[in-house]
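Chain IDs A, B, C, D, E and F follow the sequence of writing; residue 1 opens each chain.
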């Protein structure tokens, strides 16, 4: 299930045309998200924060969507993440991610 | 205790010379870290991830130090955070934060 | 009038669903834009520069629009800002902000 | 031919309305891409890497397109660039640039 | 006087070893800081904001120092700039630039 | 020899304490730098550009040093890279990387 997020956009192409690179990324992905202490859900919350700070619309959408669908994250939970983004990465990044969160919730 | 982190560097000056601005930042800080769902510890883990991605040495040191001292975060726990930084923000940010983590632990 | 800019996208949702956080942001916003020396107009020019460097399309549009509508900023004035973006943040950020400026002016 | 990339979006406006600034940028552009050791093609590969790391969709599209059309760069060649982006700037930047590359190739 | 800022670090080497590139940068610099509407002082305030957001210690120091020495900028004036950095680029960038400002003032 | 760059700072700790993660990173590193079309040298030039744009002093030093020591890259060759950084990522990033390059050469 963890690899769900790979099967979209760019990663599909990598899988077909660059199987070795794809294998590496899947393998790294599994190692990264296989926390010793933190569970996968907490690590996904961290991932949502990091892509929000990068102003990367598609990645924000993908991470929030996967958080809601795979982990039943609630709006309040994700807002607790985005508040840290506000403080540390600034208001424009916060506003963008908040807008994306609400647009996903209203789908 | 949450405000501990303010009493260092720049924030000291703000407190003395710009008390209104200081009050605003403390107030925002409290609202941000007063999660509805997530606890303060989880939010601090997110803060560690975000400053690591910013390549800001002083902020990384401050956040990791506060995580270890205020929350008894372990090395493994913080490494679970930095692994996400590796995947999403790249190896140089990961390596820098890892070096800072180890230098704090060896103090 | 200063708060005009809040009533769009993400901030609307925050206002309705997270009134305390909203109040904090409005309050910080007012303190920030209440310069001791610089006037609000000059601070808005700085805001335009900062969002242009972040490659955040929506924020660039919002800041430039608000500059033109609230302050009657001219194209030459905003170009004087974007030239600094070119020098300090690079050509792609400059080109993107310039394109957005012209598309707003031609509306 | 090198200046081909200028004749799009923002640069058109600069050319018409700010001829002196335009001349400066063209002149800097020529000096920059006039490598002492590296050829123009290698420098363009570096440019593709840098804009990919900036998460600037339009610039990524423009640089990759110009690489394919002006230099007959192949998919494998550009993927060799994007792999470095993956390692140093993270997976979201890599995935975005890969998606753009494939969408250009399928046009 | 405007070129004062060039004679430090990297730019010295460029001047000696890459005179053509140096000439280009000086020339672009002059065009950029030769505002149609904004004066040089306002443009320097914008430059301080932009480098603060980049977390580049040396550049922050150089820009703030040049602002104080060339333009007699006051602490309050520069703090009016850094407050916008706080709102748009986040607290760590703001705290770093504030610390640098105060360390320069106490020299 | 390619893994030379791993044996420094953070990576040493990872190797000892997180062997599985270390193995993943080495493996990804090898796949990434094993270009289909581009040779390792060209890929290293791209890596120098990317870390220069990140304002990460330690990483810039490490990449440039490895470029000079492992590949006998010359000053002119690396300057051809940094010129692209100037154009796309701005003057402060360019100046910092140039200073680091010269300080390494004068060691």
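Here is the rule we use: contacts are C-beta pairs under 8 Å (C-beta built on N, C-alpha and C of every residue); 3 or more make two chains touch, one makes a residue touch a chain.
Fair warning: this is a prediction, and the values are worked out from it, not measured in the lab.
S.K.: Hop distance check: chain B to chain F, minimum number of steps through touching chains?
M.R.: Contact-graph shortest path, chain B to chain F, evaluates to 1.
S.K.: Chains in contact with chain D and with chain E: which ones?
M.R.: Common contact partners of chain D and chain E, which must touch each of the two, are A, B, C, F.
S.K.: Could you let me know which interface, C-E or B-C, is made of more C-beta pairs in contact?
M.R.: More contacting C-beta pairs are found at C-E.
S.K.: Please work out the Cα centroid separation of chain A and chain D, and write it as a whole number of Å.
M.R.: 27
S.K.: With centres defined as the mean C-alpha position, give me the chain D-chain F separation in Å.
M.R.: Those two chain centres are 20 Å apart.
S.K.: Chain B to chain D: how many Å between their CA centres?
M.R.: 36
S.K.: I need the residues of chain A touching at least two other chains; which ones are they?
M.R.: Correct list: 21, 25, 28, 31-32, 51, 54-55, 79, 83, 86-92.
S.K.: Note which residues of chain F are touching chain B in the complex, please.
M.R.: 9-11, 13-14, 17-18, 21, 25, 51, 54-56, 58-59
S.K.: Which residues, counting only chain D, touch chain A once they are in their complex?
M.R.: The contact residues of chain D facing chain A are 55, 75, 79, 83, 86, 90-99, 102.
S.K.: Where on chain B is chain C touching in the complex?
M.R.: On the chain B side, the touching residues are 20-21, 24-25, 27-28, 31-32.
S.K.: Which chain F residues qualify as touching chain D in the complex?
M.R.: 28-29, 31-33, 35-38, 42-43, 45-47, 49-51, 53-54, 74, 76-77, 79-81, 83-89
S.K.: So in the complex, the part of chain C that touches chain F is made up of which residues?
M.R.: Answer in residue numbers: 87-92.
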